[in-house]
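First chain written, first letter: the chains are A, B and C, and each begins at residue 1.
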Amino acid sequence: MKVNAMLKIKKLGILFLVCAMVLSVFAGCTAKTSTEAAPTATAAATEAPAVVEGPYYSADMTAEQIVVDAASQGKVGNWGLGNEYEIQALLSKYGQDTTYLSQAFDMDGFDDDSILLASAMTYNELGLVKNSYDGGYGYGDTVSYIDMNDEGVAMLEDNIFCTKTFAEANPNTVKAFIAASMKGWAYACANPEEAAEIVYSYGSSVSSEHQAYMAGEVKKLVETDTAGNTVTVYGKMDTAAMQQTLDLAKTYIKLDDAVAADALAGFELSNIMDSTYWDAAMADGAVLGTPEKTDVTIQLKWLPQAQFMGYYVALAKGYYDEVGLNVTITPGGGDISETTAVYSGQVDFGVTWVSNLIAANAGGMDLIEVAQVFQRSGLVLVYKLND
Amino acid sequence: MQRIKKFFTSKQMVTVVWVLGIMVLWEIGAFIVAGTKRSPENVLPHLYQIVQSVFSTKLVNGSQTAFQIVLSNAGLTLFRAGIGFLIGAGIGFLLALLMNLVMPIEKIVFPYLMVIQMIPILGMAPIILAITKDINKSRIVIAAILTFYPVATNTLAGFKSVEKEKHELMHSIAATKYEIYTKLLIPSSIPYLFTGLKISAPMAITASILVDTLQGGGGLGCMLSQSLKHAMTIYVFWQIVFFSAIVGILSYYLMSLIEKAVSPYKRIHK
Amino acid sequence: MKKIKEIVNKNSFATTVYPILFGVLIVVLWQTQILHKILGADTFTLPMPSRIFDIILANTDSIWTNVVATLIVAIGGLIVGSALGFMLGVLATFAPKWGAGGLTVIAAFNAIPIIAIAPIANNLTKDLSDNPEIRSMIAKMIVVTLTCMVPMSINVNRGMTELKPFSLDLMKSYAAENRTVFFKLRLPNSVPYIFTALRVSVPVCVISALVSEYFAEFIIGVGRQIRENIVLAQYATAWAYITVACAIGIILYIILLIAEGITLKGRK
């Protein structure tokens, strides 16, 4: 009995040893690469200028000084999941490593200083940081931000897209949907308070104060381009801004799949957008024709909020009915992304960021953008100011 | 006096004391957090704050209070969890039976059962979505997949636990295979089956909440992720945490109750 | 030597050859796209095995970094969780009334969805370390610990209390001390039950490690890569990581089976 027990222990010991050995062999293979990476990180740290007085930043510091300091401390935050390319472009612009901290969907990390330079959308997180209504952090003017548009690393965000196959099979539906949605956006931008109320009444749980703030900020993104000029036509596809988005996407979207990476490298604007539907829908005296498919669904990129007010307004004001469409709005924010939902045919239209559409097409989807709602980037990096 | 003493030593009391203990720990944590964090309700709010939010009549969206949101979405989620659980438990039991009946099936299927458990839901979801073409069906299927494994393994272990002598006895009285299963194997595997069910009933609820988060359209998981993303008050999140825990315990109790009802041996034993 | 041959011939033949044959069949169906027809899926959501394999080969370094991060969390959590679960099970044996109540309460942790525990764990561990890599590793481990604790505590409790008929009376008739009863009767009796628990909690520890990575502050791990790639619609890459995740689970499970075989050999 005792001998038997000893034998068992021996065998278990051998099993353990074998496992440990196999692990260490594998670890040995990759240990080399990790030591190689280390020196670059320390090099970046020594380059950091020592202009920081106090725990935060002063109002007269340049964007470069702030980015370099925060990056050298490893305290630049972003949500990742395809939202990080502008931040990486900015980090590269100032010669920093493109790693960033994963930021949660609240601003607690920014609040407790684990993130010094936090990503924020002008219409959402920035409002929560500044304002003191329910859910807000009430920082007011004690924070400032770096705007991606000013830094020349802006990538376009919310658009309307569908699959190429769907657009070719249902051109009138696409045109009608664009026309009615843009009418909704025009009304929403003219009456942001009312638009905020409409979104709230459709079951959005964002507080009505924040909703009103959001509507005001979204209006700015819809009516101003990356250079700061006013845009008068809603949903216009600005080829220069689209090209900049595509170029940045090619540089910063890192794909492990060689097939997809090759596809991405060869992309041109025609692979991701088709402006003919928008042109036809928005032309003076446009004839929309009868929609081929009348029951359509649009999946939003995020939760129901004023970011998508144009669609809710078009629904509430009956603009979709006018063009003969019966539209359902599905909120996003889940892990089945809008690109997958549209591609699988579960929904017909989607709202996504251009960079996400580019990545999805590189992976093998056949999506095309049919309208570009946001004309400039709404992403900023927010930081606290020293008193 | 006797009654009071009986109450204090009763089974309910034990649970109450445990729950109180955890509450005290929670409150200590909450006091520490409240002293050090700027928005403590995101990290660890006081329990009374959560209770207060349950009874608060303040509307958090167009028409509902926080607790109304939780309740109205709980129905959807629990319905899916229940169906998923029934399907999962049924398949689990049948699979265990099949595996015990046909040895090669056990050898073939068992490793793959585990492999299926290993595939993260997120990986499965797009494929199941492609097959079912409907997000709600996909949610039920995924909940079933996630719950059947404990039932299958535990029931199989129950079948295997029957002593050789009993098998021999059944053979000596010339029992048919059907009789061996209905008279010996299935009755003796019941305690094991219930171990599996007790593990997988709360799991079905967890799984159901988890798959809610895949896409919008209602359910506790949707509200939980919206609340976590600060699209609505964070107390909806805390309420859902407690709600799911309470429902989970109730589902465990429900399984224990059913177990007691169907296994007379245990009842006498206690 | 003869003995080993016998074992290989009889038992292991069936346990290894059948599943492998089945696996090969699936892969062949998959590569020839018959599987796609059966399931109604396309090669985009369910990429070909050859493409998945190419991606794994082309990215061994980054995959390995993620695997190590996941393994540390999964195994660390499994060990801590199982140890705690074992202690709880023992506690429930010696104080049946208080322990059983405790087990019910602990089982409640299983009912809280991982996606709810993960962000709480994340927030609670914020002050533990200045290094986000370490603090998010601890947060992930807490989640795994909680999920692995329950099956172990329930099964150990069963193993300690469901003894062979009269064995306890026999021990008592020897006037055995509680300690002796524990080490000579209860503990050996609970060993198969421990393995039953591990059979549940080994897959669970991997899966909860993967899910907890979704919410972690520091971007690393196989689960995180799956999520990033699915959200970015890079299904082929996501499948490469899913394959790796399955491989981790299978290897851990095989190790468990070998350990179980060694420990339980000679029983029954």
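Everything that follows uses one rule, which is that a contact is a pair of C-beta atoms (placed from the backbone, for glycine too) under 8 Å apart; a residue touches a chain by one contact, two chains touch by 3 or more.
Here the structure is a predicted model, which means the values were calculated and not measured.
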By that same contact rule, can you tell me which chains touch chain B and chain C alike? A
Of every pair of chains, which is linked by the largest number of C-beta contacts? B-C
What is the distance in Å between the mean C-alpha positions of chain B and chain C? 17
Separation of mean Cα positions, chain B and chain A [Å, integer]: 35
So chain A residues touching two or more other chains come to 108, 112, 335, 340, 344
Multi-partner residues of chain C (each touching 2 or more other chains): 45, 119, 123, 126, 227, 230, 235
Residue numbers of chain B (touch at least two other chains): 42-43, 122, 126, 130, 213, 225, 228
Sort out for me which residues of chain A touch chain C in the complex. 4, 8, 11-12, 15, 19, 26-27, 29-30, 33-34, 74, 80-82, 101-102, 104, 108-109, 112, 114, 253, 255-260, 335, 337, 339-340, 343-344, 356, 359-360, 362-365
Interfacial residue positions of chain C with respect to chain A in the complex: 44-45, 51, 54-55, 58-59, 61-62, 64-65, 68, 119, 122-123, 126, 132, 215-219, 227-237, 240, 255, 258-259, 262-263, 265-266
Chain A touches which residues of chain B in the complex? 37-39, 42-43, 60-63, 69, 122, 125-126, 129-130, 133-135, 213-217, 222, 225-234, 236
Can you list the residues on chain C that touch chain B in the complex? 14-15, 18-19, 21-23, 39-42, 45-46, 97-98, 100-102, 104-105, 107-116, 119-120, 123-124, 126-127, 150-151, 154-155, 158, 162, 196, 199-200, 203-204, 206-207, 210-211, 214, 223, 226-227, 230, 235, 238-239, 242, 245-246, 248-250, 253, 268
So, in the complex, the side of chain B touching chain C is made of residues 9, 11, 14-15, 17-19, 22, 29, 36, 42-44, 103-104, 107-108, 110-112, 114-115, 117-123, 126-127, 130-131, 149-150, 153-154, 157, 164, 191, 195, 198-199, 202-203, 205-206, 209-210, 213, 221, 224-225, 228, 237, 240-241, 244-249, 251-253
